[in-house]
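Encoded as structure tokens, here's the structure I'll be asking about.
Chains here go by letter, A, B, C, D and E, matching the order in which they are written, and residues are numbered from 1 within each.
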Amino acid sequence: MSITLILFWFLSVLALFSAAMVVASKNPVYSVLWLILVFFAISGHYLLLNAQFLAIVNIIVYAGAIMVLFLFVIMLMNLNKSNEPKRNKWLNLAGVLAGGCLLLVLVAALKNAETKATLAETGTGNIGLIENLGKALFTDYVVPFEISSVLFLSAMVGAVVLGKKESSPDTAGQSGKSSEK
Amino acid sequence: MPVNYYIFLSLALFAIGIVGVLIRRNAITFFMCIEIMLNAVNLLLVAFSKMHHAKQAATLATAGIDGQIFVFFIMVVAAAEVSVGLAIIVMLFRNVHSVNVNFLNRLKH
Amino acid sequence: MNALIISAVWGVVMMFSGILLKQRSGIRNLAVAGLVLLLVSNILEMSGTVFFKVELKGMIVFDRFALFFDSIIFASALIYLFLSARDMEKVGVNYAEYFALIFFILCGITLVASFKSLLILFLGIEIVSIPLYILTGSEKKNLKSNEASLKYLLLGSFSTAIMLMGIAFVYGATGSFMSAEIIASPGTVSALLIAGMTLLLFSMAFKASVVPFHFWAPDVYDGAPTVFASFMATIVKAASFIAFIRLFNDLFGDMKPEWQLWMAVLTAATLFVGNITAVFQQSVKRMLAYSSVAQAGFMMFSLYAMNTDAVEGLLLYVAAYSLATIGIFAVLNKMSDYTFDGFNGFAKSQPVLAASTTICLLSLAGIPLTAGFLSKFYMLRAAIDTHKNLWLVIFAVVMAAVSVYYYFRLIQAMYFREGNAHEIEVTPVFKWTMVVVAALVILLGIFPNLLLYWFYF
Amino acid sequence: MQNALQLVWLIPFFPLIGFLINGLFRKQLSKSLIALTGCGTILVSFILSVWVFLQVKNGNSDVAEYFNFISAGSFKVPFAFQVDALSSLFLLIITGIGFIIHVYSTSYMKDETGEHYGRYFSYLNLFVFSMLLLVMGANYVIMYLGWEGVALCSYLLIGYWFKNTEYSKAANKAFIMNRVGDFAFLLALFWIVSKTGSVSFDVVFSKASALGTSDVTIITLLLFIGATAKSAQIPLYTWLPDAMAGPTPVSALIHAATMVNAGIYMVTRSKALYSLAPLSQDVIAITGLATAILAATIAMKQNDIKKVLAYSTVSQLGYIFLALGVGAYTAGIFHVMTHAFFKALLFLAAGSVIHAMGGEQDIRRMGGMKGKLKITYITFLVGCLAISGIPPFSGFFSKDAILLSAYEHNKILYVVALFGALLTAYYMFRLLFLTFNGSFRGTEEQQHHLHESPAAMTIPLIILAVLSFAGGFAGIPDIFLKGGDAIAEFLSPVLPPEGGKTVSHSTELILMLLTTVLVLAVIVLAWFRFRKYKPEEEKGLGKFLKNKWYVDELYEKIIINPLDRFGAFLSNVFDRSVVDGLVNIVGRLVNYGSRQVRLLQSGQVTSYVLLMVLSMLLIMAVQFFLRK
Amino acid sequence: MSGGKGDADNMIPVLFILIPLVSGLTLFFFKNEKSARSWALFSSVVTLFVSVSGLTFFNDSNHLKFSAEWLSFLGSSFSVKVDGMGQVLCLLTAISYPVIFLATWKNQYSKASSFFGLMMLEQAGLMGVFVAMDALLFYFFWEMVLIPVYFLCSRWGGEKRVQATFKFFIYTFLGSVLMLVAIIYLFSQTSDHSFSIESFYRLSKILPAKTQGWVFWLFFAAFAIKMPVFPFHTWQPDLYEQSNTPTTIVLSGVIVKMGVFACIRWLLPVVSVASFQWGDVVTSLAVTGILYASLIAIQQDDLKRLVAYSSIAHVGLMCATIFSETTIGFQGVMIQMFNHGINIIGLWIVVEMIGKQTGTRKISELGGLAQKAPSLAIFALIIGLANLALPLTNAFVGEFMMFNGIFSSGATRYNVIFTVLAAASIILVSIYILNMIRKVFYGNNNEVTMAANDIKWNHKLVLSVIVILIIWLGVYPDSILNLTQGLSETILKQSDVMHLFSGK
């Protein structure tokens, strides 16, 4: 058993377990922490696949930025186990069963796919390096890259719209009332 | 590494994400589960990109790079989505002091 | 290309207009000007005048179909602005920002209408979706709006995840995101590709609010501020369908046997649930929400049939449906009471508006000599041309008869019930725009080639 | 003169004109003008009919075609009139008797207001017009036009006093019963059309022999059912007695000259068909005889002067059908003619009585009127003698001819028919004695009021009495006068005599004698019984007969009531609950479905996702594992 | 669409549609009730004039045909033609409108301009249905009739009008859309991808029997609901009872003929094999309906409902006759469409007058009206007698021919049974008509009828026109039969499939 394989299994188990714990934890703060662990495990996989740039970005963007944002929000709201909503046992069971079945169906469908014998190269290949990716991003993918700026702009505007205090509560109140009817 | 492993791993993660969506009522956790699903997709894309690279590197040195670029864009979008999403959740929390996704059901039937 | 860049730029312009212009009418006029510019430039592009030359690497292709569709969308949006721009003031204080978001959405729509790469599709859909989450929640103090926004966000991102998984599978099977290369990829249809296709089907069905992925739609349309609900239910829905049809026509056209049955099943389910559920609604707004689901069922026919008729018909359908729904929503927006009873006696107090609304409703119900009829006609014809699953067509027309029930309930309320429909104030512009809408609906119903001619010329 | 016969359209045309003038200008015209128009037009028709009769007697006959009434592909119905012996004879009877009745009416109805007077005469003219149409039609469709026309007129005239609900009910009954017959007639017509492709008499009769026996039998039976309604035979006779609701002259018109003869005319006209269908002939004979007896028994116990006469009509018509059934068409027609005379006489005389009594019709309140109403009495007596068949009154000859034919055909028929003849004599003289003999049983006021009718009424009576007496001489049997049977000779182009007589002269003479003796005996019996009459309650058989065998009640029970209840069930239960209910259930199902389906929209994000995932699961599973 | 003077010659069918359409649209802008009323009457008289001139001066195929480019990319065109049946029915439509306007001259309507506008639009639609020679165009007009009716009935009428109309509307709409499916399907089967009637007629020999079977039912659903044939009739009595008289008159006088008309033009010749195969079933339904409706009519107390059920019975007979596929039957149906239209218009006017004079339509509350309103009584009697098909009135000719048609039909083995059952209705019809007349007009006055007056000159005029038509066509029906002769034979030839089955 090669080191790669051992690493693969280790990271896989880690990712799956952490993911499961994200779902299972009662306290959202724990969920965030477990989720960060998932991200790390997946970054490990990226490294294994020689996609260093993505591994780093994954840590920075997800674990670093997004998850921190989550944490802030959770803390802002002061959420903890106690105000975690009650769940319906049967519904949960149905959820687990549905997800499991979906997994089963997909796995069964794909286990004999033509990719069965194909390998994803690990350790080698330099497409994941920042130099190559950067080159591709700013040549072939420059248009989508620019377009994604529109996305950010709109997200930014959105944050403003949603976050800014209503200066004239009267109008808002009125309209709110009117649609309540 | 057989690409099947990655497929199954991603699917498993994806499924966990779905299960999470199904059983958690907390909007934030709900959101986190979606992040798990996105990550599963990312992992799969990277694996496929490496697979295609392995297959086609002989003809095209940058074969498979598009998969990784896509992952990059997914991360970008996810970030934007999360920012907006959390803004909405906060706005809601301000109004009703709850993040239970099922707590609000004025809109039904 | 013109439209893509101008819409993005104009979105930014609108962002700043909020700071620079104090007059709301100024903002409004600016938006209208932008939209006119968009429309004109787009029509110019149809005749070959492209302002911007950008190397797109084949990821976006502005073909005739896309441009034509864009023109329809911009024209609809223009009418939408004429009718409803004033009402956005009621929603909240960020007047300029709403316009900015709308322009961003239009930008996204041009993307989904002309994508040749799944990456662009993904980006386009997100550019459309994220501003929509915000617009839905823009009435911040209104709990319904909040709730709708949250539901939309959660379900929307869930569907995004599904879509991405689908894209990943497709990529795995073919090694590319470009439609040309996906079609050209050798070998038989693999399980991976089918799985990807199916997942994409789900997520697109979600965006197009096709049953059983429609659950968000009624709640969101109901909860969102009416002005934006109208925008979502028409222009955005149309965009989803265009994306849907492009995806399945360009990428999976060869795999028709794999998905045609599902299209049929989804069509039937959508028609059934949409129409049947709408019957019992008491709120006109919610009825319209369900009706939009039901109308999606008819649009699904174009996907099911996927032939020339279908594509042509979808364009007409989009135009007819958008016109009529925008009109009705605009009137609804003026009302203080959204229930059917709120419309009682409306014809007495506002005969012109009532007549225009009636024409819009007739169009939605598919009564001949309105655009709605011809578009439905196209759909049915396309479906019948497939020479199979005729039960579906019969089922559809039966459901169309059911739809008459709820559309005509509104007509009844307006005309035949004594009521105290509150005096509403409308500007002459509004009135005339409604008349124009009604006239267009009828004109398109009699001479659809006025519209479709442009598609071919 | 062949072309001249093309002008026969003038015969029905004048009554039509009379109808239009009187009908449209009834408010403007004075009564005398109305009377003049009414009678004048018929008189012109009568004169024309005489002229036509003479033409026909000279051996002319013609089918006058005017225009296409109906055409569809090869099927054509021309509007055509037929002039031959049969129709010309009927023309005479109709216009002649009709004219007399018109004249009589001018006086009888003089108390009516101008408007109603005009209405009355317009109806009468229309009646004559319809009947003329019926007998002149050269095909079954034209005949049918008149056929329903007379039904309409009888409806109008029976319900003439429309304020009286009972009268208008009787009118309805008459029309509807006739419709039942029409229904059969129409079916026969369809049958004829589909088998022969034509309705013209000449074409149909020439093709008749090519038809199968079953076809002919069905056609003839259906036609006969039609005839039973019009000519009041079992089972469709009950309308006729009720038809007494109309003014008395109308009854005379219906019973003597027009309506009831329609069936006989039609059967006679269709002789070519009937002669091919022995079964139908037997049916006709038996029905006719049964009707004759049934009606006679009922007539014995009736107390309404007009009702007695009505049942006697039914009975006499039964005789005529008996004649037709046994193939003695000439005898039948002969009896039609004589019956027209004496029945018109009897009715008009009864009218005179009623007139004198101020509208009273119940014979139990009459009696002893022969002193005051001499002319009426004598003419009535003539009528009674004629109908009873006392030689040499007209009824004797015609009835005898029928009885003889029955004897030739079947002895049993003869015996029963003879019995009927005795009953006739019995009830007629009962009527006569109760009305005119004995002491007056009415009120003082009525007695004071008794008077003979004016000349406009008595002159017609006298004319008719003469005819009733002498009418029989048109058909004197061979044994009395060789070639005396003028009527048979006249009719021979249409109704050629069939075979020789099988009965010897001596037998014939014995039979005549027997009949006469028996009838006289019955009259004597009646004399003793009713000379001094005291009303008494009927019991047992008498009550049964008085209530007309409870036939009306029977019809009510077995046909009308069930139909009515069934209709009510359909209307109130089936149509509302089942047919409309099904439609409404669909609507309610949609509504119910709506209420149920919308529960899916629970408002809970989790359940939305769950439903989405489940559908994904389902589609995936089917896609990958169940298809192919 | 319109051209110079040269084209004006063949514009008659277009004028049929255009005059009411334009006048209807302009009517919506009228403010004054009186002028709206006069304008509507005027334009309907103009239409009548045009239609009469189409029968007389311009009675050749040149003038009665028109075709223009429209929706050509869909395979459709604006092609209209007035053939024999079209002439008859257009004439009926044209006559009925002035008659209705005159008869209801004094009726008051809120928003009269809309009322008359909708009436005229309805007329335009009706004309269109009768002259359309293109399936899609036909469908357009078919629905175009429905919309004004919906508004007319819902807005002006009895208390429960809205529900009754709604039911009617959804019911008929369902039928129409099913027909639409059939039309599109047939279109997709035509060799030249065209909606023209010729292309459709060519299909009858091509389509396999099974396909024809369900296409037939899709079509027939629409027609059966419109006619209506038992058991699709339940909308009718309710609607007639509730809606306003002018609309009811048009509905029962002309609109129900659409179903019969459509069967002849679009059903029999197009799916002739199926029409033959299913003929027995349809005829059974129709015959059941005849007896059923007649029995129910006897029970009705409301005059309007009585007329409604009587109409069901009469139309049922037409329906049954169509499927007998005989020349005489066809001719009978053609003339009866006109006759029944005239008669029932007359009957409605009488009913309306009774209601106007006494304030009630309940038979049980009426009586003795003949003393107060003798003219009305006479007209009622004549029209009633025409309705029960008395000879020398128009309906007799039609019914006689139709019964004959059914009886001599080679298309069914049960012709005798059908005829016997159908013809039994002549007894039932006389029962309910005469009972109605007796109970309403005869007998003595009561307090309801005491105050009644006789009818006015305008009603006398209108009813006289109707009576003249009744008698004229009763005495000389050939004037219409000549018009339709050719068409009946053409249609029959086109739909003749018996040879296919004669082996069996």
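One rule holds in what follows: a residue touches a chain if its C-beta (ideal position, glycine included) is under 8 Å from a C-beta of that chain, and two chains touch if they have at least 3 such contacts.
All figures in this text were calculated on a predicted structure; none of them were measured in a lab.
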Message: Strictly by the touch rule at the top, which chains does subunit C share as contacts with subunit E?
response: D
Message: If I rank C-D and B-D by number of C-beta contact pairs, which comes first?
response: C-D
Query: Computing the C-alpha centre of each chain, which chain sits at the greatest distance from subunit E?
result: A
Task: Work out the mean Cα position per chain and let me know which chain is farthest from subunit C.
output: D
Query: Which chain has its Cα centroid closest to the overall Cα centroid?
result: E
Query: Roughly how many whole angstrom separate the Cα centroids of subunit A and subunit C?
result: 29
Statement: Chain centres from averaged Cα atoms put subunit A and subunit B apart, in whole Å, by 4
Message: Measuring centre to centre with CA averages, how many angstrom lie between subunit A and subunit E?
response: 69
- line: Cα centroid separation, subunit A vs subunit D, in Å, comes to 101
Query: What are the residues of subunit C that contact at least two other chains?
result: 119, 123, 126, 130, 133-134, 137, 140-141, 144, 150-151, 154, 158, 172, 191, 194-195, 218-219, 405
- prompt: Mind pulling the subunit B residues that touch 2 or more other chains?
  reply: 3, 7, 14, 17-18, 21-23, 25, 30-31, 48-49, 51, 55, 63-64, 66, 69, 73, 77, 80-81, 84, 88-89, 91, 101-102, 104-108
Query: Can you list the residues of subunit E that touch 2 or more other chains?
result: 170
Message: How do the chains pair up in terms of touching? List each pair.
response: A-B, A-C, A-D, B-C, B-D, C-D, C-E, D-E
Query: Which of the residues in subunit C come into contact with subunit E in the complex?
result: 362, 366-369, 373, 377, 380-381, 384-385, 387, 390, 393-394, 397-398, 400-401, 404-405, 408, 412, 415-417, 448-449, 452
- prompt: What residues of subunit A sit close enough to touch subunit D in their complex?
  reply: 91, 94-95, 98-99, 101-102, 105-106, 108-109
Residue ranges of subunit A touching subunit C (in the complex, touch as defined): 106, 109-110, 112-115, 140-141, 143-144, 147-148, 150-151, 153-155, 157-158, 160-162, 164, 166-169, 171-176, 178-181
Field: subunit D contact footprint on subunit B (complex, rising order)
entry: 18, 21-23, 25, 30, 101-102, 104-109
Message: Taking the touch rule as given, give the residues of subunit C at its contact with subunit A in the complex, in rising order.
response: 8, 11-12, 15, 54-57, 59-60, 89-94, 97-98, 100-101, 104-105, 107-108, 111, 117, 119-120, 123, 126-127, 130-131, 133-134, 137-142, 144-145, 172-173, 187, 190-192, 194-195, 225-226, 336-338
